[in-house]
Amino acid sequence: MLLNQFLLLAAALFAIGVYGVLARRNGVLVLMSIELILNAVNINLVAFSAVRATVGGEVFALFIIAVAAAEVGVGLAMVLLLYRNRRSIDLTEIDQLRG
Amino acid sequence: MNTLTLAVELAYWQQTTLRAVIGLVAVLLPAGTLVYLFLFKMMSFMQSRLGPMEAGPYGSLQLLAEVGKFLQKEDIVPAKADRVVFKAAPFVVLVSTFLLVLVIPGGPDLVFIDVDTGIFLALAVSSISVIGILMAGWASASKYSLLGALRATGQLIAYELPLVLAVMGVVIQAGTLNMQGIVMAQAQGEIFGFGGIGSPFILTQFLGFAIFLIAVQAELTQPPFDMPVAESELVTGYLTEYSGMRFLMFFIGEFATAGIFAALASTLFLGGWYIPGLDPTDNLFNVIGPMVLMGKIILVSFLIFWFRFTYPRFREDQLQTLAWKVLIPLSLINIVVTGVLKVVF
Amino acid sequence: MPTPKIPGLIKGLGVTMRTMVRTLTKGSHTVQYPKVKETPTPRARGVIALHEENCTSCMLCVRECPDWCIYIEGHKYLAPPRRAGGKPRQKNALDRFDIDYALCMYCGICVEVCPFEALFWTPEFEYSEPKIADLLHDKSLLGKWMETVPDFTDYEAGSEAKKAQVPR
Amino acid sequence: MAALQGFDSLTSGDTVVAQNIAFGILAVVMIVAALRMVTTLNVVHAALYLVIVLAGAAGIFILLGAEFVGVTQVLVYIGAIVVLFLFGIMLTRGALGEDEEANIEKRRMAVLVGVLVLVVTGGAVLDSFGDAAVNRAAPSLTAEIGDSIFSQYIVPFEAVSVLLLAALIGAIVIARKD
Amino acid sequence: MTAATDAQQRAYIAGQAADARVNVELETEGMTLNIGPQHPATHGTLRIIVRLDGERVVAAEPVMGYMHRGYEKLAEVRTYPQVTTLINRIDWLGSFANEVPFILAAERLMEVEAPPRAKWIRTALFELSRIANVVLFLGDMGVQLGAVTPVFFAFRDREFVLNQIEAVTGGRFHPNFDRIGGLKDDLPKGWIEETKGVLDRIRTFCDEMEVLVAGNEIFEARTRNIGVIPADVGLAYGMSGANIRASGVDWDLRRDSDMGLAHGDLDWKVWTHPDGDSFARYWVRLQEVRESCTMVEQCLDGIPSGPVMAKVPRIIKVPAGEAYVETENPLGIMGYYIVSKGELVPYRVKIRSASFNNVSITPWLLEGVYVPDVISILASLYFILGDIDR
């Protein structure tokens, strides 16, 4: 297996994630797209770690998974708050800082 | 790593097929046995009746009759349901069950995969079934199903924690996540210098065992934790809209998972395929190991089903209170004590 | 939630375990019906039997039946006089006596109102039919049930009721 | 898992073929699922597609010999994060229905940016790591990962635990309504 | 304001209140859930519309009448003996007890009185049918809370009671044994002895239930302080029977009024419980079954000898007049108001059944409880659908 195939897969996922973040208006879907991006990064880290035969990359992937969990928790809480205040989770609607 | 000690050398695909077949048997056989022994017979005896008696001697073929009945039934999909998700949900639950069985060793050389992460893998794949349950509940387009699925999710997530934490004590004591390693640690260990019966962790980790059993009961959504499928409240919750083969798959999933969790409990706490007094590396265990394990599975699941047939169910908030305020602190204490003792001795 | 006290939970387990042991050693309380049959009490209202000789087709049972499930047809005929030279007697002949058990609700009013003791309860209960129309029992079938009518039971001490006899 | 078992039983040449086939299947499934995820209008379906992508990623990790990361991926992502998503979606039933698609112009721009990202990073990757091969003899040991977390990476580890705690409290504070 | 618009108004206000009320923890959407008419917990066809916020009930409204069979109207075209077979089917679990108040009312109109032996046997059967009825509740409460085993015990031991009832009356469920002026028949030989054995079984059953259900900590956690009915509210809603005795009201018609049965000659106790919650209702019924056992036992020992039937004409025509008789039935107070114009059939029969009033409290009682508690509260109120809808 070549390193490139993993990196290209990760790049594809990253690009799809970027598209999702930019194109979707639904807050939950944006969060999911961010997860996609984080996963692409994880694949990269683990692939590099495999090439160099160390565990450093893997440890970082683990950290990213933990951070992603935290991010989803806070993100979903914000989406819920948004839904509560606006009865909608369309992110284009929160273009002002007023509650 | 893992080669089956057989007289003939098998090609890779042959080995893989063999593994798949054994895996099927390893899931379905305990499930069938448990359903017959406990759901049909023990429950009936506890209620002063006989249970099925007609199909086969003492109704032993009743299960096949039931399967036949379910297969004949029409596969109904509610009109407003999300067809694809609705149909896929039971498979997701079954996938979780079949992945679970992979880590359980049946003898010194009888393993499906001998991975480093062993018990961790088992606990990880056991959480896949939550997705299946949520899919089933949401796709049914029924309020009862959705409520049941939400309850199930809350419950399974809450009890995943005590489950994992209860196992931690064993892992600390054995010094490995590998299931085979845990069995060996129990077979070769000794309790304060006395090694006559090895060191089944139930003796040193009784608290862990108790917490594990309670958490398993909750993971299986069995009484006293059966709110997600409570018939008198939610009309069997996320199973409400299922019929025929797909209901059967949920059913198999439930009892196969019961068997596998019992197998996990016996591997972690009762010494798995090992019986005291023999050499654990003996080739004999490749033959009698699965049977010993089966015996222990029946023993542990007897407890599980005994509770099931005796107790009424908790309420959602009481269940969460029990998990967060009782089980998790207790298992944390257990971990700390085990860790300290491990370092001291 | 109060802290769980062990005894209640454990004692509950004991009850189910005791029941299991009792079922295993002394047998269950249920019976395997077609193979083992329980005998109902003699008074059980299973099916109504007709003692045709006693019936005068007086139609009392038909009128009193809340479900109108009894059908009687008869005709009058002149029977030869009992004594030679007497007048011929007018008698009622029973052409049809049907009870539709698809309608019957087993209240027993017909048996009770019968002034000539022509109807009797029997505890027999195995007469289900695949077709609902077959539940209409005619006079010959109702007569056959007579064989299964048990004798009336004795009364408990202190009773002043008189024990009736079943005509055979 | 199948690929892992192959290590001992297959000759090294066969292993590579098997691994490449496994990778190919996983990659195609992941990319298709990811595309469906960002384009589907049904939020629950999107979450389920996300499950497929994440499971595929777990497979990729195992293919790369990083068992522990793969299992953690299943436990945390599939077992917790996606469930959290689904839970959130089902609790706010307003989000359950069909989501309306963004306007054409915005979508076009997003496609443009996505393709640009792909081209740039892909080009860079191809340029830099032309023929570097992944050749790990055996899966990395869990014990090794544990050791390095608690020695070399102890500070980030502690930082992550604090972050998790902060996120926990933050989520409760945000979502609670007093 | 007419009644219809009044009800609409209240429904509208309830809806507004439901919309305005939010869960402080995490706001979730309101949802209307139909519990019933086909639902395992309503054992029949009761429908309860609950508006939920999360799993908390904001408003509940019972909808009755899915099983209405028009007994009051049917009774107007039935002769008095025929009405007896009809009303067996109102509370189908304690069917003999249904006959008693009707027969007593008719007897009052006809100014006949059953001979003492008939009264004592009536009392024994009355209490036996109470046992048959409430025993099932004791097991059913377990199954509503998720314990599968108690209900099988209940069915098992109820069977013995039903056998005894069948041995006397000929019918397990629909005895049709009471007659104006006495009873259809006397006791068969050996019945008293057998019944005493059955009573021992029932006592054992009560002990088992005390351990398996009432003594279970989970059961207590599910029922203590759940569905508390204060005495005044319960009385205002017209509740009766064990439901109101569990709220501390010491009121039992068997003791407090002369029902025309032999209860006054027996030595027994009215059980009450101060709490008024679901557990209290279970506990009171458990004690009542035990008390009924002692009552039946005393009846069996004390049956006077004599006839079981007073002198009544063969064709029963009840003189013109009206009478209302209520008795303490297994589910609560059951009363029959009979208006006669001196014909073969009653002119009007009004049935006051206990369950109808007991269920009427649900909108008040279910507000603010969780969905699982809806089930346990409904189970503890113990209604029979036939007794609600008639």
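We call the chains A, B, C, D and E, going by the order they appear; numbering starts again at 1 in every chain.
The working rule: a residue touches a chain if its C-beta (ideal position, glycine included) is under 8 Å from a C-beta of that chain, and two chains touch if they have at least 3 such contacts.
Predicted, not measured: the structure shown is a model, and the values here were computed from it.
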Identity of the most central chain, Cα criterion: B
B-C against A-D, pair bridged by the larger set of C-beta contacts: A-D
Cα-centroid distance, chain C relative to chain E, in whole angstrom: 29
Whole-Å separation of chain centres (CA-atom averages), chain A against chain C: 77
Distance between chain centroids, defined by C-alpha means - chain B, chain E (Å): 44
Inter-centroid spacing, chain E versus chain A (mean Cα positions, whole Å): 61
Overlap residues in chain A, where contacts from two or more other chains coincide: 80, 84
Multi-chain contact sites of chain B, meaning residues that touch two or more partners: 46-49, 309-311, 318
Chain C: positions in contact with at least two other chains: 1, 9, 12, 15-16, 19, 29
Chain A-touching residues of chain D, taken from the complex the two chains share: 16, 19-20, 23, 27, 30-31, 34-35, 37-38, 43, 46-47, 50, 53-54, 57, 60-61, 63-66, 68-69, 72-73, 76-77, 80-81, 84-85, 88-89, 91-92, 94-95, 99-100, 102, 106-107, 109-111, 113-115, 117-118, 121-122, 125-126, 129-134, 136, 140, 144-145, 148-149, 152-153, 156-157, 160, 163-164, 166-168, 170-172, 174-175, 177
Interfacial residue positions of chain A with respect to chain D in the complex: 1-9, 11-20, 22-26, 28-29, 31-33, 35-36, 39, 42-43, 46-47, 49-51, 53, 55-56, 58-59, 61-63, 65-74, 76-81, 83-84, 87-89
Residue ranges of chain C touching chain B (in the complex, touch as defined): 1, 9, 12-13, 15-17, 19-20, 22-24, 28-30, 32
Touching residues on chain D, where the partner in the complex is chain B: 1-2, 4-10, 14, 42, 44-45, 48, 51, 67-68, 71-72, 74-75, 78-80, 82-83, 86-87, 90-91, 139, 141-143
Touching residues on chain B, where the partner in the complex is chain E: 43, 46-49, 143-144, 147, 223-224, 226-227, 230-235, 309-318
